[in-house]
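By written order: A, B, C and D. Residues from 1 in each chain.
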Amino acid sequence: MKKEVPIAIGFLTAVLILFEYFFKTAVPAVSKIATDATNWGSIVSAIAMGLAAANLIIIHARRIRQRHPDAWMSWVLYAGILVMLLTGFAKPKTATANIYSFFFDGLYLPLGTAMFSIMVFFIASAARRAFRARNLDAAFLLVPGLLVMLGNAPIGRLISPWFPKASSWFMNYANVAGNRAIMIGAALGMVLTGFRVILGIDRSYFGGE
Amino acid sequence: MNLATAKVWAGALCVFACYSFLWKENRFFRVFQNLYVGLAAGYSLVVNFNNVRRQAWGPLTTKGDIWVIIPMIFGIMLFARLFRKYAWIARYPMAFLMGLGSALSMKAIESDFVRQIQASLISWKGVGLGGTLNNLMLSLGTALALVYFFFTFKPNVVSNAAGRVGRWVLMLCFGAAFGSAVQGRLSLLISQMQFMLKDWLHLIS
Amino acid sequence: MVAGKQTTFLFFVLFLATAVYYMTRAKVGKLPAVRRIPGLDAIDEAIGRATELGRPVFYVPGRTEINTAGAAQNIAGLEVLSHVAKLTARYDTELRVAIAAASVYPVAEAIVQQSYLEEGKADKVKPEMVQFLSNEQFAFAAAGLSIMNTERTASVIMIGEFQAESMMLVEGAAQVGAVTISGTARTAQIPFFVAASDYTLIGEEIFAGGAYLSKDPIRIGNLAAQDWGKLVSMAIIIIGSLMVTFGNKSMINWLKK
Amino acid sequence: MNALKWFGDLDKRWLYLLLLLVVVFPLLRPLGIPIDVTASTSQFIAAVDKLAPGDRMLLVFDYSIGGGPDVDPQAQVVLAHALSRGVRVVEVAFVDTGLNYAVKTVELWESKGKVYGTDIICLGYATGVETAISAFAQNISAVFPTDVRGKPIGSYPIMQGLKTAADFKLITEFATGIPGPAEWIRQVVTRFKVPLGCGVVAVMGPQNVPYLQSGQLVGLLGGGLKSAAEYEIAVKMPGAATAAMDAQSLGHLMIVLFVILGNLLFLVERQERRAAKVGGVRA
């Protein structure tokens, strides 16, 4: 019971989704059930967020209890959660909504864009360290990389009109060919990985007895 | 200080906190990192709570759709993972999610397999020599790059050579993609600097 | 049958049938030899390094939810995790699994627990081993960077579906001097992995991970089926293109059916 | 030689600082490097130009916080262009954070004299990604019974006679990930035959070129901020994206320079290693 029933649940869910995908015109009623099942998936994973948050809270409680040197920062984290929970359900144009808007627009959004924008510095340091023509393979990576970088900035055309052309060739041909091969191979991998899970061959996620 | 100004100053502070990481991992960064994780978790709890209310609680109470009780119970069963003795209860919803995800992934057989093969079937007689080479790149290039991914076939002279050329195609592809990504990542830095110079320091208009 | 999906369905069935054929063959011990995959060989080495240095292994099994189309990639990452967790259990090495999707959290936690149980170290499992960091992309990346820096991670392994945060994590790992092994089937992110990590699993290679590491006959049988799939697609591309070159579009029309 | 070695040993923080300065300088003192309008951008502009005053266009904000800065300038200039031609615009979002941008945009144009509900409207955000897009395309009022301000959408003049996606003369979608062009083509273009133009972050540009070639897209702004700059130049509405282009050019040059210097250094080191080996054998 502890093993067979879960496997059966997974198997039936997958068969339902795939059957709908291939045969929905033959059995139209199946579409509604499959859509429902997909929606159930989002409901379950929405509730899973509660479990994930519980893990976050537990980990930080342990940090505080173990008197980790950064334990006080865990209180900052708790405060972040609390502020959003207390103000997140506020009606628009109230004082609470203004507090929410300060934390959301003033801190949450800028932290996202600022973190994302430091990525280009990582690219710059990787450019010096890792982008080297050590062998023929690496040279094949390097040359289009440089041409595309030059071709994609307005200054590239100023140096030579040939750069934007080279850039678009690499983007439209070499890039597409490589991408397609990866997609075709990966699709095969996805189908077989899914197949193993559905058949219950891979059940390492059961955890324990 | 009004709300809008306060937001701009808070935003600038966030930029300093994140950029300080580039100098060295430090406590200033870590404080904001913890705040960010907290805000994100809180925000996500609010969003997901609203989702459950709209997708499950709403239909259950207003439309009498009793079926949505099942995913709600499944969701609650996941919490059994917190207690080692009852952890097995969480297997049922996990199996459901894994089955659902596996099936959705398997649909890639159409979009990423059949349709991609179909798109690679193009005439090798392109317009002029250039066109022919381009089209050869698109179809033969894809075919050769696939050789790189063979795992179990016994290698021979032909497959080794083909695999080598296939690897080059992949490398060209990665180089081009890396180059174009530089463009996008740089734009993000530029808009961040536009925010700092314009909204915060009022140096440009 | 839905119009436009007939050929797809045919491929689907043939493909699964090939897989079943090789799985049954594998059960009676007829196993194909698998070529070396350096990125996967490096995993044992990476864990050995962490053990010697007495520092943790940092593992990320992708960033998307398990109930989406990215699931297979995450499952591939989780299969490798079960191997990694067995090794860290065996050598008593610290493990940090960073999770970004709420629905992946219970699965990853179960896998780690199972692996430690199999190695007879069930009592060594700690809550810190599997941590949900954040489902917000860059909060996750920032928290990951913090863990790598404060715990001086020795090895970083990232296999699954990744988005823009990939570059940040691998470069952050390089900065703390960690050995990095990365892999994804998401084509837009592979170039960053290739450029910035020590070993990269490209596309389909991540799906070979579970078979390669566990040496489980059934999974190795699956790899042979995958190879046939690729061979068939190559044949169709070459023959079909030749047909199109001579003005015959029947192959394209057949694929569209 | 020594200069190269110096560069190789240089603390990476100096590289960061250099890159930062190279980006900030042209923002303060523009250089005016000319910007060329590429064919795919012109195609997009032509699609908007085809609209007659009074026609309705759908503008979709499918972008996340992180990638937003790369596509938002595109959406802003397309909207400004459409409104300047008297086109009426309906805004929606299928990514939660996209709604933020949509609401702010509406407020901006209201302050510039456009009438909410007549010239422009924002319906809100719908969860469910592809399934939501599909439902929206079939029956707009089923997904959005009310607009973002809570009133029934039937009460607004701009919504009169709008039932399905087919009632729009043009759909423009701006995306940083999923949903993106692929989802909109699958759910809307194939079924309703509405012209679709898409703007995406630079990373996604290449993978969407095939859709433009096959005619499933009528226009593609595939280069992030650079496409926005081209658009601004072409319709003579220079804005933030145009101002950013000099910084973009110099930034690219800087990174290219790092790569080239890194490689020269590598060559020199290899030469030296070889020389050392030969010397060792002789001794």
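Please note the rule applied: a residue touches a chain if its C-beta (ideal position, glycine included) is under 8 Å from a C-beta of that chain, and two chains touch if they have at least 3 such contacts.
Predicted model, so just to flag it, every value in this text is computed and none were measured.
**Student:** What's the overlap between the neighbours of chain C and those of chain D?
**Tutor:** The shared contacts of chain C and chain D, listed by label, come to A, B.
**Student:** So which chain ends up closest to the centre of the protein, judged by Cα positions averaged per chain?
**Tutor:** B
**Student:** Tell me, please, which two chains come out on top when C-beta pairs in contact are counted per chain pair.
**Tutor:** A-B
**Student:** From chain A, which chain is the farthest off, judged by mean CA positions?
**Tutor:** Of all chains, D has its centre farthest from that of chain A.
**Student:** Distance between chain B and chain C based on Cα centroids, please, to the nearest Å.
**Tutor:** Each chain's C-alpha centroid was found; their separation is 15 Å.
**Student:** Can you check how far apart chain A and chain B are, centre to centre, with Cα atoms defining each centre and the answer in Å?
**Tutor:** 3
**Student:** So what's the Cα centroid distance for chain A and chain D, whole Å?
**Tutor:** 20
**Student:** Would you give the residues of chain C that are in contact with at least 2 other chains, written as numbers and ranges?
**Tutor:** In chain C, residues 5, 8, 12, 15, 65-67, 71-73, 75, 102-103, 106-107, 109-110, 113, 133-139, 142, 150, 164, 187-188, 190-191, 194-195, 202-204, 208, 226, 229-230, 233 touch at least two other chains, as defined above.
**Student:** Of all the residues in chain D, which ones touch at least 2 other chains?
**Tutor:** If we look for residues of chain D contacting two or more partner chains, we find 16, 19, 66-67, 69, 127, 202-203, 205-207, 210, 223, 226, 248, 251-252, 255.
**Student:** What are the residue numbers in chain B that touch two or more other chains?
**Tutor:** Touching at least two other chains: 18, 21-22, 30, 36-37, 39-41, 43-44, 48, 51, 55, 78, 81, 87, 91, 94, 97-98, 100-102, 104-109, 111, 113, 117, 119-120, 139, 142-143, 146, 148-149, 170, 173-178, 180-183, 186, 188-189, 191-192.
**Student:** Quick check of your reading of the touch definition: is the inter-chain graph here a line, ring, star, complete or other?
**Tutor:** Basically all the chains touch each other, so complete.
**Student:** Per the contact definition, I'd like the list of chain C residues that touch chain A in the complex.
**Tutor:** 1-3, 5, 8-9, 12, 15-16, 19, 65-67, 71-73, 75-76, 78-79, 82, 99, 101-103, 105-107, 109-111, 113-115, 117, 127-128, 130-139, 141-142, 150, 164, 167-168, 171-172, 174, 185, 187, 190-191, 194-196, 202-204, 206-208, 210, 218-219, 222, 225-226, 229-230, 233
**Student:** Mind pulling up the chain A residues that touch chain B in the complex?
**Tutor:** 2-3, 5-7, 9-18, 21, 36-51, 53-54, 56, 70, 73-74, 76-85, 88-89, 98, 101-111, 113-121, 123, 136-138, 140-149, 152-153, 167, 169-171, 173-188, 190-191, 193-195, 197-198, 205-209
**Student:** Tell me, which parts of chain A touch chain C in their complex?
**Tutor:** Counting only chain A, the residues touching chain C are 21-26, 38, 41-42, 44-45, 48-49, 51-53, 55-56, 58-59, 62, 70, 111-112, 115-116, 118-119, 122-123, 125-126, 129-131, 141, 178-179, 181-186, 188-197, 201-202, 204-208.
**Student:** With touch defined as at the start, can you tell me which chain B residues reach chain A in the complex?
**Tutor:** Interface residues on the chain B side: 3, 6-8, 10-11, 14-15, 17-19, 21-22, 27, 30-32, 34-46, 48-49, 51-52, 55-56, 67-68, 70-72, 74-76, 78-79, 81-82, 84, 87-88, 91-109, 111-113, 116-117, 119-120, 134, 137-139, 141-146, 148-149, 166-183, 185-186, 188-189, 191-192, 195.
**Student:** Can you check the complex and tell me which residues of chain A touch chain D?
**Tutor:** Checking each residue of chain A against chain D gives 35, 38-39, 42, 105, 109, 112-113, 115-117, 120-121, 123-125, 127-129, 131-134, 142, 145-146, 149-150, 152-158, 164, 171-172, 175-176, 179.
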